[in-house]
Amino acid sequence: MDKLSPEMKACLDNCLSCYSTCLSMAMNHCLEMGGEHTEPAHFKLMMACAEICRTSAHFMLIGTPHHKHTCRECAEICEQCAQDCGRVGDMQECVDACRRCAESCREMAA
Amino acid sequence: MDKLSPEMKACLDNCLSCYSTCLSMAMNHCLEMGGEHTEPAHFKLMMACAEICRTSAHFMLIGTPHHKHTCRECAEICEQCAQDCGRVGDMQECVDACRRCAESCREMAA
Amino acid sequence: MDKLSPEMKACLDNCLSCYSTCLSMAMNHCLEMGGEHTEPAHFKLMMACAEICRTSAHFMLIGTPHHKHTCRECAEICEQCAQDCGRVGDMQECVDACRRCAESCREMAA
Amino acid sequence: MDKLSPEMKACLDNCLSCYSTCLSMAMNHCLEMGGEHTEPAHFKLMMACAEICRTSAHFMLIGTPHHKHTCRECAEICEQCAQDCGRVGDMQECVDACRRCAESCREMAA
């Protein structure tokens, strides 16, 4: 991975970290809590967020210029997910991971 | 999956079929042929195409409205992949799968 | 994909079909129903089933002999998922997809 | 992810790191080098290694006990991939990532 620029390496790390946090919290926090945490719109957003982060990481690793488009979509979904996790509450770890990922994906998409 | 509209069900099938064809042909045709078939730009495009098809299918199965954005990107990459496979030659199965997938993804993205 | 044997092609189809059914029903049926449907052990099993089916399909498409091991694990998880979906009830589509996938994965694993 | 044990957190990191290294080196080193680097058996092994690492990470994040089985398979493929990368040469980064991942996956599988 030494061919990745420092910015892309940071974005890759943030994507894999956000993927891990969203999937893990959905499975091990939201399912335990129930209520708003398993409300379909919120839970699906977390699963979509995990998947687009995983995909954007994959595109940067492939080294395809299309990573700009997956990163743009990733930034948008992460931003929405951060807001929704903030609304539901008790999910600060997820809010933080989504914010960091959104920020570095926006730079990649530019 | 009986909650999917007929159009989305068809798009899902085309995405999974294009994912399967691109990955299988890259691994079992391009690697055997070598030459232009393993030229980085072509091979990476096929891997990116396989991945975005897999992701768009995933988004439609989740049932998130963001599938419109992944389908738009999927249509674009499939179209490029179809053209590049046509240029390299000997990849008609891939050209056809990419064309069909691009067409139904464009409808989803609208 | 014309290099796949008829048995492997059938197994691939069953894996992609089971992946689609498990993911779609978890997201669009279980989350709506709540109760036992979102009980962590059941929901996680469905997500694990979707993922191992996706992975086994990927291994068959790559054309690696390790597909025998992913198919063996896939058969085991699908069997468990079929039983658990039967217990929870109201999930016959999932039971059927898991049974079909388990059966063809067992043949691949042999 | 604060519910993961330190051992599992380390294994997760090693899986994501090995996934990243295998995929990135296949796409950005092997395709450039050609020759033995794109010989089907070697290249497919790298792709299978990337995928099983990705899947094992996913299983640990889901928090399913089946991660023991995916980790066992992951350890086996990583070990083979390390050996084959050593044979081909010029791939020390990949050898190291595969060895580290194999070691921690073996502990998880126990």
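As written, the chain order gives the labels A, B, C and D, with residue 1 at the start of each chain.
Keep this in mind: a residue touches a chain if its C-beta (ideal position, glycine included) is under 8 Å from a C-beta of that chain, and two chains touch if they have at least 3 such contacts.
As the structure is a prediction and not an experimental result, all values here were calculated from the model.
Should one ask which of A-D and A-C has more C-beta pairs in contact, the pair is A-D. In the contact between chain B and chain C, the residue numbers used by both copies make up over half of all numbers at that interface. Taking the mean of the C-alpha atoms as each chain's centre, chain A and chain C sit 26 Å apart.
In chain C, the residues that touch at least two other chains are 27-28, 44, 47, 58, 62-63. The touching residues of chain D, counted against chain C in their complex, run 44-45, 47-48, 51-52, 55, 58-59, 62-64, 66, 69-70, 73, 76-77. Interface residues of chain B, counted against chain D in their complex, comprise 27-28, 31-32, 34, 38-40, 43-44, 47. Looking at the complex, you find that chain C touches chain B at residues 1-4, 12, 16, 20-21, 23-25, 27-29, 54, 57-58, 61-63, 93.
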